[in-house]
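Chain nomenclature is as follows: A, B, C, D and E, assigned in order of appearance, with residue numbering initiated at 1 for each chain independently.
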């Protein structure tokens, strides 16, 4: 798989030429250079911080909304269409408004990452909780479980595999949201570097950053996928 | 007091280079301004909105954003004239291209970034300098300067605008057919802005920033190579590219006017900028350049407008 | 083995009876109406009126055509829903939308939790019960053994067959040592032969625990083979139209299917039910 | 109604026999092995060896414990898979991984297309058959009528009950006017009483079309009530361990359940099967 | 009143409340004019903008490109999904790619796309289509996986060719899932096109919004944002209606 991708990449690089692309080897050498240069780390740390915070917020808020609406049929009847509508709008158009609200800085990036990630997590959780087989809930009631135990003992584990799928999507979208936020306006971060690199037509940096991001997202997503499969295997 | 300042396209365009130098050489501190960070944003509007939101007392932006903001009722004034010419612009072709000068542009594909942008305005002037009308050439938008380079390389456009420091990086690969420094009159390019009604402490901060920047510009003139090395680091450029770029811009004078100004206001250039932006439709209405300028932050020796 | 034509009584009730001779569960004039979803206000008369007494320790089965309200009846006794009219009492106390202690329920659908091992599933039944760890272990081991699951304690439900999973659910109920076990078509999803064999296990369990068993099923043979008494329900709204005493001995097993009396009971059930069944499917319902 | 203890023959075969007296379907030394998924090369012996002749126009049922290879057997006859060893012929011609014309199949699971109306579902069965539009209409109307679906022609499957949907699938097969109808537990998903009543319809259909019916079921009562002959299969690898002739008259219906002979047949089937069933579930399978 | 209708009423009430609140905040000056116009002004500006017609070109360009990206994504996505459905090993290989896909900053490839596709609208359409296609593939595959085996057996029994099986059985059966994919594809092609316009400044509504933002032109920015919201919500509502009919017919939900 990886070999195939590399071959495709190499072939494309030869086809396109030097103006817009680098070969895998060149990219990796440059990536290594980048990783050893001290000026790179503050950017990485900045993005990492913003992304981590955004992801945390997205997960916590998303799960809360998902569970609330999943349990309360009426609230979900009212709000689910709103969530779906929000999911489908190009959020980048809202970025100016976010900037107006949060100013240029970490807060706006975090907010932008969060609004990208929170809705899919909420929607998946909502569906997962609602799809918990009624017989499980009945079993809980027959055992006289209260709401808290019902959630922790039955709803959460039963809905876990689907929630995980939502987390995976949410993870990806939060990352891209954070990066987009940095690309549009910021002073540090990988998105900022990427935007500058595009502005300066610095193909090396573009390739190396994209490579790093894909690598990071790929391994994180792979890990989540692996955990997800484990969860599904039991079910 | 620790404050951020906002500089449009810092890290990409040449206009912000003096700030990199001032920061690195500690000029801000020397002058009494504790600048903690230089925020960058892609456009003047974002820069201004951030400044207005109270996160920065001083910003460096292009004049048309300032004018648009003032027209919308924002309480801001131009407090320093930072980049006085458009000398960073070079229009280049592939080495083997038959185009030698703007006169040969008839029927050619002429690149610019996006609608209503400065690059379009300047492109128009370049075409006119070759004795042609805009209808005589095919204007092609590329989306950005970076994107213009592969487009030129692949022959999708015949002429690409390449500003510094991009030009220093690619000058060996392409051939310049027009340089703004030679062709175009001085046009105010980037100005310093501050909001009205700030506290006295912030006003002092603005003054200090202007002084520090002036010092940095002087320093760059004296030590272009050291300045280049500082820029290389801040802009993530190769050393020789950055040195080259600084040297080029330090030496580029248009009608005797430097690229990086001291801060002193050049009304003529400002008026010309307004004209040019009106030409491409980026701004509209009557604007009195004098009424949007406030010179009280400038050092006494350059308070007078030129 | 011969069939004895008298009702056999439980030999040793292992737990204290509340009032000797009294019915353990009793329903009086019980009716259930549902509000039809989607349409405003319209109600569906799902069940009743029902009058029924379950004797302590007996095995009582209910058969009826599909949709006649069997599950509704069970949910009323389980405290999962409340009667529109009438009273339901368990050991003298009225049941009010809450399951009484001492009652266990096993549903038709597989209700084993796929995220827990067999042992953890069974332990889950003890969640709300406060007992010391030793007693806990003892009960779990007992339940595992009784349901033949000891060697699968650490398996997950996905690794078991459908029948085994239902055994897990039964075991999860058994650990609470219920005095009344409610079974809603617990083997409805299994094939007939497996079902008959699972019946053997339920009989075994019933004998060992001395609990009262209330079984709902649509399978005539299952009812005929397992129960002491069989209540036959009409098409919706379900009423009891017949109560058949089987008169099987207490230590019966699935071999009674081969007996003549078995055929006779099945035949009698089918006579009562055929017309009702045709009523039930005659006009195919548009609702799901 | 009384049961006649001789094998009843079809009275009027409506379609041309290929060779009078010969078996319509015949299996000789048929074996089926599967390659176990996941493990390299290991095979599962699912079925056989089987020797069996289906007589033209008879109603033949197969019962057997779960997983014994009943569906595998049916798929061999339907040409949906090929035997590992042995020969399967239909009307004298070998069946080669392709369904022969004149054979219709109805599966256990609901196979109605939810995106087509009842009428369109039924018309789908005629796709492979070239006939003029008038004949087409006639056949569809006939099938609708025979299955009691005329007033539901424009409904969608979701609006029908499970039993009705199976009738749609049967009708979809009927329009091809099959000479052999293969039924793989067609009512397995329905409850027992509905199933007995659906049995009446299958009997009706069998009488009206004169086709041979090959029914697979795990329900002893269904087999006992419907079939002329019942093949009893052993646990996997499935072999025929008994063939029971029921001797019912051709115009029987579900009321024969109430007859004594019915109990006797069921008892005989259960005697043959109980041990096999226990074998089948005794070691619970780890495979799904 | 049915619960559904009651929920809809509540939703509308909530929306009206939110807009009303915004209106009050704006009118009372808690949100200043430079930041945001009051909602009624935005609507009026939108009407004026559409009537004036000066941005019709940009609007048409964006919608046309999004539509093109959507169509490409649907056709390519469904065909590719059917292919993958049969090629198990290729699918196993691509699964992790699908999972990672949305984390890749597609816009970083813009220079590369210019090289491959030229300077016209093609690179943006490509970005839009690339964003949308994975949603289509994943959902179509999901739908194909859930086709009951018995329906495929029925196809065989009816002697359908591979092409007919795909056309008459597999795709209709997977239709609800494909529709879910289509809904996402609409969203993603709009997001891709507008995002590209926004970041790469290549004209169209996205560029107009960012340009208006840069130039403090709230009279253009907010109406355009509102327009995009309206368009994407309208398309989605339409598709949801269609989906509901389809699902109701199949007795689902």
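Criterion: a residue touches a chain if its C-beta (ideal position, glycine included) is under 8 Å from a C-beta of that chain, and two chains touch if they have at least 3 such contacts.
Protein identities per chain, from UniProt: A, E = Nitrate ABC transporter permease; C, D = Nitrate ABC transporter ATPase.
What you are looking at is a predicted structure, and each value in this text was computed from that prediction instead of being measured.
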Mutual neighbours - chains that touch chain A and chain D alike: C, E
Among all chains, whose Cα centre is located farthest from the one for chain D? B
Between chain pairs D-E and A-B, which one is joined by a greater number of C-beta pairs in contact? A-B
Using Cα averages as centroids, what's the distance between chain A and chain E in whole Å? 18
Centroid spacing, where centroids are CA-atom means, of chain B and chain D in whole angstrom: 84
Note: chain D sits from chain C at a C-alpha centroid distance in Å of 33
Averaging only over C-alpha atoms, locate the centres of chain B and chain E and give their separation in whole Å. 38
Numbers and ranges of chain C residues touching at least 2 other chains: 158, 288
Flagged in chain E as touching 2+ other chains are 110-111, 114-115, 210, 213, 251
By residue number and range, which residues of chain A touch two or more other chains? 17, 19-20, 100, 184, 195, 198, 201
Quick one: which bits of chain C touch chain A in the complex? Just the residue numbers, please. 78, 80, 98-99, 104-105, 107, 109-111, 113-116, 124-125, 127-128, 156, 158
What residues on chain C touch chain D, complex-wise? 65-66, 152, 158-161, 163-164, 188, 191-194, 196-197, 218-221, 254-255, 257-260, 262-264, 266-267, 270-271, 273-274, 277-278, 280-281, 284-286, 288
Residues of chain A that touch chain E when the two form their complex: 1, 4, 16-17, 19-21, 73-74, 77-79, 81-82, 84-85, 87-97, 100, 168-169, 171-173, 175-176, 179-180, 183-184, 191, 194-195, 198, 201, 203, 206, 209-210, 213-214, 216-218, 220-222, 224-225
Applying the document's contact rule, which stretches of chain E touch chain A when the two form their complex? 3-4, 6-7, 10-11, 14-15, 35-36, 93, 95-96, 99-105, 107-112, 114-116, 183-184, 186-187, 190-191, 194-195, 198-199, 206, 209-210, 213, 221, 224-225, 228-229, 232-233, 236-237, 240
Sites on chain A touched by chain C in the complex: 133, 135-136, 138-139, 141-145, 149, 153-154, 157-158, 160, 231, 233-235
